[in-house]
């Protein structure tokens, strides 16, 4: 807290750290650290930075340090484009990383393609172009992927629900979320789930009750929401306030673990591709230790995406050897196997034409009595 | 000369750092004395009044020379609401009431100087005492009042500030003569009962000289003549140019056109 | 009105040609030559990032000039500038995507959209003034953004419309190519503004800005000139939007939020309301300022650790600078520049010219 | 259109409640939604009106100041963690102070400037406040209700309509604030002076009213009501750094009602909220984002000075 106020007062710090060693891998990152969506991207960037600092502390990769150059684009496409151009041309980074809103993808892709520098999506949703047949320069480690998540969710609902299913949908009024909800409605018809209502909620909404009223009156016994966390949780709370007590399933963003504990709602399912921290696996303790040592203001539970991003960068740079140029790096990344040490259901494997992953693993959690319970263990889906 | 309540000596007011509106004006108002300033349009009357009440700032004007002292404390170029706090209250020329507030609210709004000494309640009666007509109009919105009633309300509201010196700007503007008579009579009774000084700025010299103990005549930003009521009334130029009594019989237009009497002020 | 730069006395002109020319004295022609040399050599010396920044400055100055024309000279406050840029960008995006129109169709098309929208944005100005007009342009901004968002989702471009750079007979515009194209566009819009302000409509706008009722009394058709101001300013802005779309290579609704409108209004205020030079200086300042702050803060030793906070500080610093300019330097950068010029113009004479004379 | 929707709903309603009774609950629930959203917009709108009415300045930083009030609750909650009452009171007092400070150190300098410069100063202030809030509290989703450990149960009103406790408190607060403002402006001396200063600043100064005092009072009252709205909304549904946008959505409500009348702000809030809720329910939820501004454009064309605003203001602006 004091540290923040100190900086808030803009007092100059005393000593300057020695400049980083000349010889280092240069990795550029453009991220939405300010602006409305910052709450979902800032923790991931912090995790990525802590991971890279830890790797550097342990001697770096192939004996060389990794210099991570972070630029904020405030989720603004024009700023993201300028940042990417600066990182590629001025800092001549060998690898570009994007941890920002999907609206910044197009300019970043355009800039890195013109300089053919490989581009890794670390905490934003994976664009279509990483699925097979993948674009040679784009890779993605983010947990959630459009269309696959809905298929896994509807499979889970079909498996657990007893009797006929009437499903409502809740999306945020951004093209990505609406597109996913439309796909889910089409898919549910094929699985004889009756889609009865879709609520599209504009981001700046003072009160979610009017939307929840409409959703509740449609009389669903299941509601599925795939959108930024604030829309998912606010719709649920509004529905509960209106006395709707049925099942609600949403995607598990990085805030999920803390929110499940806060809401303590027995019928609120969270489907996720990352393991939650309450399982206390060795990797989780490792992340918690690193986060507290680095004094990050974000809780360790929100750091899985960033950590996996760090692992991917480290593995890619190790594969490319030294000195690494974009072409060697891209070749190394094309058949990379990243061991997620339990953070995910299995390793992330990239092949020549599948830059997303060959297998997807989904888990479902729910609050049960006094702790978060695992409802469905890793379920695998092949990515064709 | 009774002890000077307000002493203005040789003030000069400059607008926008370029135009000198008033030069070398000296006047003084004693305790319980009614002083009038006569003059045509643009003679600098309102500027002088604004200089005294501190409202020059708004149209980018400033007192560049001279000083204004009120009960031996200098108040030139001081914040307007602080001058009112000392007891100098201005009854402005136009826009003299809050149109959307009722009469009672117009009287309650001002910040009475006396409030600091706690006799707020008594002030209300004072306004209604001098202007009983206002008591009947208590709940009517001020915007709907007639010209005369507005002037009464303006003076009443000024009294609410517990003034020691009342500056009245153009009392007679747009009012019927009988109303002016009534208002001037009330002004004198206010002066007698409350013992406050009044500085009256007027274009109709007749009404002003009715009640003024002392008067000044201003032209082109300078005081050209001053004296007590008798002296001014008997002065030939004041009669001709301000009171409209032409000397001798009526003359045809042609004569006047050729020979225009020049003013011998400095006699 | 459009004030020529201050110059010493003694320059007399004998014919209209000389009188109308923009660069009359020898010193001005020399300084123009030097300026052109610098501008021409800049792309070859500067790093690509500085080149990109320069292109952004040219784009911003077209928008700032048109807003200065509308708000600085015609006195019509408009908070809907981002909406107009979005309109230009979306026209280009839609035409390029739907019918793969080349740039010499999309450019005039976006100018046309600008004219139509200028007319629509301008209609309220006939009834409203000042604050209420600003609010009506703000409302129209939201409507344009809503329509853009609808188009994007209905046609499935969820991450924005990607368009490839314009090509004339196969010649693709590279980095430096863009620099010169945008420089020419900025100079063209500057000339348009200068000549407009020296013409009858310029004088009419000046009158409307000072006092509408008096302008009406002087026989100026206030409605016509207000709409003219809106139409010209909007068409220039949407052309800037079209160039923006081509330069960035994509169009998405998130790029044109309210903050962009505020940045443009900040440009003309910080630059100095009421002078074209102000618009240019303002555009340069507001575009370069965030990167300046970032570079400055990066010097802080533990910059890396506080990465997340630096950008909030950047955001707050922009607010502080705007407040400082508004509160302490109402004349803006141009005020400072004019004072500097006066100082050197009267260099031997310490005495400051009559303050009233040079407003 | 709406009939078919209603018909489809009732067919599938559980058989126990009669068709008539269910339709009544829906209508009641819609009325409650309109009431809650209307009082949110009205409480925010009265902040705009308070400042505009007295000093003719439109405070576009109202959304950010509202958010600052909510974040202050987080700070005071950690200071007085144990008794939420004191924490809330402290936060409200702090925001009152912020309003006065903002006026004295910033807006006082801008009184003489032109309209655009004053508006832009408030925008710059908004950017500054947003930067500081993100700096100190980060952009994460925060929950003041959790910090004050107060719960937010859902209350069942007559006829089956439901409302959350804090929304009910918000509606009550709005009514209380408007009542207090009405009495203060109608009968309080300082209230009358505020109205007087709003109508004719020059004459007010001549009557000894200290204009700076009145403007500071207006600004602090405005941040007080803004903070109330921010705090209650945050307690009801959590707090993120994107709350100022809601302040902007409440702005059309103030303008539809007429920028210088409180009755207008109240009615404007209800009109905009009603339009939004009914459109969401019967037409298309996506419109709720654009509805306030469409209502604004319609009002600006028909009656620019709003339902209750005074006409002459328009020319003087």
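For this structure, a couple of remarks:
The chains carry the letters A, B, C and D, assigned in the order they are written, with residues numbered from 1 in each.
One rule holds for everything that comes next: a residue touches a chain if its C-beta (ideal position, glycine included) is under 8 Å from a C-beta of that chain, and two chains touch if they have at least 3 such contacts.
In this text, all values refer to a predicted model and were calculated from it rather than measured experimentally.
The central chain of the assembly on a C-alpha centroid basis is D.
Of all the chains, the one whose CA centre sits at the greatest distance from that of subunit C is B. A separation of 34 Å divides the Cα centre of subunit C from that of subunit D.
One inter-chain figure worth recording: subunit A and subunit B are separated by 77 Å, centre to centre, where each centre is the mean of the chain's CA atoms.
Listed for subunit C are residues 308-309, 312-315, each touching two or more other chains.
Each of the following residues of subunit D touches two or more other chains: 132, 134-135, 138, 248, 286, 289.
Residues 189, 192-193, 195-196, 199-200, 202-211, 310 of subunit D touch subunit B in their complex.
On the subunit D side of its complex with subunit A, the touching residues are 9, 12-13, 26, 29-30, 33, 36-37, 40-41, 132, 134-136, 138-141, 143, 146, 152, 154, 156, 162-164, 167, 233, 237-238, 240-242, 245-246, 248-250, 276-277, 280-281, 285-286, 288-289. Taken in their complex, subunit C has these residues touching subunit D: 71, 77, 124, 127-132, 134-136, 138-140, 142-143, 146, 150, 258, 262, 265-266, 269, 273, 308-309, 312-320, 322-323, 326-327, 330.
Considering their complex, residues 3-4, 7-8, 10, 12-17, 33-34, 42, 45-46, 49, 68, 70-72, 74-78, 81-82, 85-86, 89-90, 101-103, 105-107, 110, 127, 173-176, 178-179, 294-295, 297 of subunit A touch subunit C.
Chain contact summary for the complex, subunit D toward subunit C: residues 58, 106, 109-110, 113, 115-117, 119-121, 123-132, 134-135, 138, 248, 251-252, 255, 259, 286, 289-290, 293-294, 296-297, 300-301, 304, 314-315, 317.
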